[in-house]
Amino acid sequence: MDKARGGKQHGEPMPELLQFCVSGLTVGAVYALVALGFTIIYNASDVVNFAQGEFVMIGGMTTVFVAAAGVPLPLAALVAIAVAMGIGLLLHRLAIEPARGASAVTLIIITIGASIFLRGLAQVVFDKQFHSLPSFSGDTPIAFGGAAILPQSFWVLGGAAVIVVLLWAFFNRTLLGKAVLATAANRLAARLVGINTSFVVGLSFVLSAAIGAVAGILVTPITLTSYDVGTLLALKGFAAAMLGGMGNPLGAVVGGLTVGLLEAFGAGYISSTYKDAIAFIVILAVLFVMPGGLFGKASVERV
Amino acid sequence: MNAPSTPLLAVEEIGISFGGVKAVDHVSFTASPGEVFSIIGPNGAGKTTLFNLVSGVYQPKTGSVRLAGETVTALEPNLLAARGLSRTFQNLQVFFRMSARENVMVGRHLKERRGLLAHLLALPSTGRQNRESTEHADRLLARVGLSDHADTAAANMPYGALKRLEIARALAAEPKVLLLDEPAAGCNPVETEEIERLIRKIADEGVAVVLVEHDMKLVMRISDRILVLDQGRMLAEGLATDIRSNPKVIEAYLGTHGTREANLALD
Amino acid sequence: MLKTVLAPRFAVPLVLAVLVVGLSFALPSNFYLRVAALVWISALAVIGLNLLMGYAGQVSLGHAGFFGIGAYAVAVLPAQFSLHPLLAALAGALAAGLLAYVVGRPILRLKGHYLAVATLGFGMLIAMTISNEAWLTGGPDGMPVERLTLLGWRVRGADTWYWITGGLLVIGAWIAGNLVASPTGRALRALHDSEVAARVAGIDVARAKLTVFVISAVYAAVAGAALALVNGFVTPDKANFMHSIELVTMVVLGGMGSILGSVAGAAILVVLPQVLTSFHDYEHMVLGLIMMVIMIVLRSGIVPGLASLLTGRRK
């Protein structure tokens, strides 16, 4: 690995562009993972899970506290993922399953209640401070095309890529994954061919929780974490999922990366106080032209 | 019985395709005041799609629609409704959260006074309007035999009743052209007979009725003229008696739809 | 017979008036009157949002933006242009309505979750403008609001505001009930169930959605103005998306398409946090838990849910 020659160089347009690209993609990768979590649960159950951001928080916070108790970081991370998966399962069993058949808004409010509950829980079990994790491969920036890039950025991007590939393999190469896809395509038909759709929905919650937790663990060394980081992440992840086209995994990834890039470039070139505004203006503009998102199919509603 | 006068509805060469499949392919027909014009054809022939094109729900790729001499192709359904075109739906499109009476009152929308301020402040004019619409709706419910259901939430009504509710709602707008998509589907013989009488009466009052229906006996009895669609294309058009003995029609039905309906058609 | 008395158009404002008058005797101190005034104000905004969501079936995750416009109008306009606070409130309501009218047409073409994200983004833009333009709005710290003076009488005191906001609520509920029972209201409920059938019935669906969007924006702005006047201070968090989500939650918790439900939903989410402060750190856990339990037990919301329980679940 190349040792950096010092801080980033100001004033040169190309390195600056690259710098914004990398930081945008890093944040965007996290949004993409949150959006993927939304997508997986939505496809399996039509539920828009606004507690998705809390999985990210749980991943980061649990790792911080377990590691602080003396457990080696990789093990702490595994514990955190397991905890998040357990909470995902409980969320499904205790809150979503009992309300099966309720309207979409009712289910959304339940997940909002769950998100408030989990935030409150984190506040009690952990604390209200900001926490960080050590970077996985040190903090020395890597010089790359004139820009200085944090090694942790590569971890985030690489981790997100690995998750996407694993998900793809799961859905296309395993029987269980195909059962999830079948359920997403047609719940009734899936039930008729003997798929336990309740199990599939539970699985989607567990899977989404794991993805969120991994995202939280990877990004905490860069962005810090605290009990309430989930709200904003859920918001951005939801916006990203919509930008891509709800229910479309590819759309979720592209949407997430796009929102991250928009924020980075908006903050860098236009105004850091209005960076969220810029992202949302672009989302609004895209939806006005493509009301089903970037990857939404233009179809005639059947009557 | 009703000598077809100048056509009120004139559809010319209309067409649309979905993903390369021509669901409706250059179809033309006319309908005149007082006549019952039926469109038949096997499942998937494009009958409902044709209705969707004529009523502005879908945008046609080819062709035109004229209503009372005026070109209205691809006009929004609400603008077509204002020009006197109304319809029912094969797959029920009822306002399930509303009572039967309110469903019909919505059908009256175009004839209702619309001052937002009067509505917000419940000015006397709004009260009068509500009473007027209520009475009108009750008369129509009686006409389709649903008086007993007036206060029932549509969600709690049986299928056959909802079919008639849709007719009442469509009639509330006092249409000049009425498109009925399988009004007798799922109805028992008694209900079917009631619907037949109702349709006849609507036509006799000067409405141009366009009917899509699978019940061949009903179609043969009630229709002045019939259009046969198959795979989006016009197979035949003419008087009921001609259609009955048209070999192409028999083949289309025998080929794709089994013998039962063909036999019915030949009855 | 009971049915006519219970016709929501007459019964709901009456019930609310009785509630406002009755509570004024029951509430022991100014603190409680103040909390009640906050409930009335939130309920007003929620009734407006319920017209949009519960009746017309169109979601908005940006209504706090309109709320903020009303609130900041009574803060900024008197301070900058020495406008009378009441005129400022009027201007705020007009501005919110106008803005809703302008953005409503493109936004309301979107459906479902896409509409949610678009309104969310739009609300964020308003909130961000408010918290970033500190020269005008005081930025994240907020700004003071000039006291309301009517014909030389300084409006102050928890009891005075209790009555004013209670009156506003009753009027707001009355107007909403009128709308629902009018041809416009029927059009809105119709397009909620079937847009295509509504269009075929002659309803200009885009226009109907726009109408109710504007009306609900005005409700939110009036509520925002009232809150600013009662508090004597405004902060940007009332324009924030968290407040938008809170308003939506109040609608659903109380019951979509129920005006009394709007008041119930507002009451729960305003009063609960006050009560739960005694739980200290457990406040959020309990709040989240209560929300989940209510929605699981009474799926259609508190008022419709209880109503169907009381009438023995007639289906």
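The first chain written gets the first letter, and so on, giving A, B and C; residue counts start at 1 in each chain.
Going forward, contacts are C-beta pairs under 8 Å (C-beta built on N, C-alpha and C of every residue); 3 or more make two chains touch, one makes a residue touch a chain.
All values reported here derive from a predicted model rather than from experimental measurement.
Colleague: Quick one: do these chains touch in a line, a ring, a star, all-to-all (complete), or other?
Modeller: complete
Colleague: What chain is most central when centres are computed from CA atoms?
Modeller: C
Colleague: From the C-alpha centres, identify the chain that is farthest from chain A.
Modeller: B
Colleague: Roughly how far is chain A from chain B, centre to centre by C-alpha average, rounded to an integer in Å?
Modeller: For chain A versus chain B, the centre distance works out to 49 Å.
Colleague: Just how far, in Å, is the C-alpha centre of chain C from the one of chain A?
Modeller: From the centre of chain A to the centre of chain C is 32 Å.
Colleague: So what's the Cα centroid distance for chain B and chain C, whole Å?
Modeller: Here the centre of chain C sits 42 Å away from the centre of chain B.
Colleague: When you check chain A against every other chain, which residues touch at least two of them?
Modeller: Answer for chain A, listing residues that touch two or more other chains: 303.
Colleague: Of all residues in chain B, which are in touch with two or more distinct other chains?
Modeller: Expected reply: 57, 89, 93.
Colleague: Check each residue of chain C and list the ones that touch at least two other chains.
Modeller: 196
Colleague: Would you pull the chain B residues touching chain A in the complex into a rising list?
Modeller: It comes out as residues 18, 48, 52, 57-58, 89, 91, 93.
Colleague: Inside the complex, what are the residues of chain A that reach chain B?
Modeller: Residues in contact with chain B: 300, 303.
Colleague: Quick check on the complex: what are the chain A residues that touch chain C?
Modeller: Contacts found on chain A: 48, 95, 98-99, 102-103, 105-106, 108-110, 112-121, 123-124, 231, 235, 238-239, 242-243, 246, 273-274, 276-277, 280-281, 283-284, 287-288, 291-293, 301, 303.
Colleague: Write out the stretch or stretches of chain C touching chain A in their complex.
Modeller: Residues 53, 59, 106-107, 109-111, 113-114, 116-118, 120-122, 124-125, 128, 132, 196, 241-242, 245, 248-249, 252-253, 256, 281-292, 295-296, 299-300 of chain C touch chain A in their complex.
Colleague: In their shared complex, at which residues does chain C touch chain B?
Modeller: It comes out as residues 9, 175, 178-179, 181-187, 189-190, 192-194, 196-205, 211, 215, 257, 315.
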